[in-house]
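Presented below are the structures under discussion, each in the form of structure tokens.
Both of the next two complexes hold chain A, though its partner changes from chain B to chain C.
This part shows the complex of A and B:
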């Protein structure tokens, strides 16, 4: 349980975040301010925001839990699973999205393929983000339950209240700028936990020796590359094909909540630099999220649920003051992930669904209001669906499972869309639909195709491959786009701004 | 510098100032927490964590305050 000073730190943090977020309300006058921060934000803030949204509560709790169960191989998600994809995004994709004046990734797909592709992609992301919200709220409940003994629903509702208020009023400026504070707090708190944790287990070498001698199941705990026949969810084949080639790129290039941040940059240089700066910060993440899980193997070897590794480490290792700091760091990660999803989903709904289908040509104030109301509705939906997460064995794996349904096909059409002029609207549409259906099929019958516990990496790879092949075949059989329709949308053609080509 | 650019810079400076104040206050609270710790290692960890936050927050506040003074002067002359 938290000591008095820790309660004070956590409450001061929550109240401070709320006030800070509400302060940004005065910078929101138009829908562009709400969804793109008025296109005025600097690279360092965006870079920090990208990292902190990605690391979030799921990484703190879920990846620590995976490190507890499977060892350091889960670190691949933040190294090969992020850095190369972020650099690719910075130099190839972001300039097209930024100069095109786009609000959403489906908006690009709509211009490149057709309205149906845009709508399906957008609806899929909205569905994923909405489900993701529930998982995030559940993650907070797990930690609060262990650390403070709070009932699940109290913790979910208090998180939803704070994040909902500042996201509703402040839009993406509040989201990004609170992320900056949250990243600083997370890094300071995380490094303090690692330092004291290492001190508690007698240093790195001592910890390695203890874990390896704990039994045969711990022999590969420090192998970052796992054999292809491993029973863990991270065989090297899955890491290489599923993570590095597909999921990492799909996440960093095709994920609305990540790319939308780059679109808030004050100019193209800042948009690119934000991704590069974010990739540099990303390299430190495994230290913050893996180490506590590994240390917990020594300090708490008999945990029934790996996801409790981090909460137990905080509870047993940290002194008064730092428990509050670390808890605030966790809460920071959670809030960051939630606010990102809320704002991105509101953007997707307003720009890709509401504006083209429900009310065209309304005033800017109207769309601003729609974005804010969508934020509120999502918040209620996330809270209501959060108990679903308890049916899955690991919180982080649950997210990957949801994502693997459509990350592969979505990335296939994005990749071909930008690099291959010949791909057509029917190629993109059929690839998206068949690819997602194939991913669902693989997931339903996974016992027949895969021998590992959770084959989400393989599912994303095979669904990507199917989407890619379908796109190529159907595109070759259908009428190609005219050159003028592809201007500014395909690599190596002129990049156009909103109104003029340059 | 156009008026829009100037207003954007003022907006950024105001945002940074608010962030700086928040981080600075949080750092001070962590320093106060030293009195609740027991061992030397714990005290030093709190001290370093608090000082890092104070330096970052203080730096942001000071820099943005300086910028705001300069930008406000320019804004008046425009």
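This part shows the complex of A and C:
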């Protein structure tokens, strides 16, 4: 499928990323350099990195497929599903984490609640991230295999080798700075496809007219707000309560790989600005991933699987050269997801598991080495587990679904932890455990409780609410924390009115 | 209850107005933030209007509202 120029672009991209990532090796001397980039990075790099880590190649294909089936309502995830949450993160949560000198979200939970909450949260993230790695390695291998003709194992090892090398040596600085280039490539490749696609369908107005006249099932394809009784997974009630109020906040405030980037900022202003800048960039993502799905409705109206929409558009629309660029954009999405998972998991393990439980009070050099070795072990684990994806094709969806169980209760304890002094360690712990169990229960019996196709938005909302209520009740029944133990951990209007450190 | 049946009587136009209302509330809360907090981290002598994160936030919210108006 690729022409000579496309091969050249892809190879140049892979080699370029490796060299760029390795360049940042010289800035890594301490564990803070490795995990937090020495707290020296500017807002624009962090903002771009947040966006590219959030949108991977699998999302490119998946979101285009959903746009093909359900229309523009899937854009809610990057619009209302990002901006409000990122503003809340920028002005309330990130300044607390940044000023507190934290490395991980579970570290905050440990200080605010107790060690058990910290360990459960950290172990859950480590498990999800580690399992995701194998899936992503397999996905990148399939891409390389189909488009370049490389054998699967050569493809897996070359992806692992390139990403692993620069993440091992350069830490989060290499991850963020390669993300910057990867985001530019994703945007250039994505916009090229959109412009050429629009030309192929005769312009926006023409496309809208053609789709709407295709039948009654396409009548609401351009309605971003879907009625609450729709059978699609995106009723407006789910978008407002499940996505805007819970999942988006849990993701932007509770996801280690997102928040860790903001903690690398050179000062508090850059930390806040990175989130707002990221939210501005996020609003362009639906144009890149959603519009090709809509165009495919006109160009390829009879696809049996919506997930074929994007590959078919690339195949039929893009000329040689741009196919290579688009492939590099796909690969950029995969690489940025893999490097984020590697670095974040290494940080979680070193800071939340190794330091408190295995070796307390060791030298900084020791923890730096542990972080690097963990990166290496994760790399080997990811490569070794990648064939599982071929045996269980639904594993990616299964991992994402399981992660969504965790989001509601996690956000409930973060929210109450920062805004309500009375919240206690037992309230937080029971909310997390019961909330997750309730989400699993709802998912197992979803046919009995819900009438929409995939009720993950509703499950997030209800598990959040249960976690919230349990936290309040148990906290009121248990001994409250001492005032001095909450110093710098609970929201205080002083943070926004006085120039004090918390 | 779990399916938000009580909201089935709310039209799509009204629902859209609820989203616009949310953006307005967020924008108002951002405006309430003290100026000092917005610039925290930048030395006073090096502060310019483009460092004002309230302007950034309102721009982003404005684009978001426009998208929901168009669709």
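FYI, the second predicted complex is superposed on the first by the 447 of 502 C-alpha atoms of A that agree within 3 Å, B and C clash if a C-alpha of one lies under 4 Å from a C-alpha of the other, contacts with A are read in each partner's own complex, and residues count from 1 in each chain.
By definition in this document, a residue touches a chain if its C-beta (ideal position, glycine included) is under 8 Å from a C-beta of that chain, and two chains touch if they have at least 3 such contacts.
Everything numeric here is computed off the predicted structure, so don't read it as measured data.
By the touch criterion stated above, A:91 is placed in contact with chain C alone, chain B being left untouched.
In the superposition on chain A, A:322 makes contact with chain B only, while chain C stays out of contact range.
For chain A, the partner that touches more of its residues is C, with chain B and chain C as the two candidates. Touch criterion met: A:72 reaches chain C, while chain B stays clear of it. Residue contacts after overlaying the shared chain place A:180 against chain B, while chain C stays out of touching range. Shared-chain residue A:44: touches no atom of chain B or chain C. Of the two partner chains placed by superposition, A:7 touches none, neither chain B nor chain C. Touch criterion met: A:24 reaches chain B, while chain C stays clear of it.
Of the two partner chains placed by the overlay, only chain B lies in contact with A:195; chain C stays clear of it.
In the superposition on chain A, no chain A position is in contact with chain B in one complex as well as with chain C in the other. Residues of chain A touching chain C in their complex: 72, 75, 79-80, 83-84, 87, 90-91, 95, 222-229, 235-238, 240-241, 244, 267-273, 276-277, 279-280, 283, 442, 449-452, 458, 462, 495-497, 499. Every residue of chain C that touches chain A in the complex is listed here, in rising order: 2-4, 7-8, 10, 12, 15-16, 18-19, 22-23, 26, 30, 33-34, 36-37, 39-42, 51, 53, 56-57, 59-61, 63-64, 67-68, 71. Residues 3-5, 8-9, 12-13, 16, 20, 23-24, 27, 38, 40-42, 173, 177, 180-181, 184-185, 188-189, 192, 195-196, 199, 266, 319-322, 324-325 of chain A are the ones touching chain B in the complex. The touching residues of chain B, when paired with chain A in their complex, are 8, 11-12, 15, 18-19, 22-23, 25-26, 29-30, 32-34, 36-39, 41-42, 45-46, 48-49, 52-53, 56.
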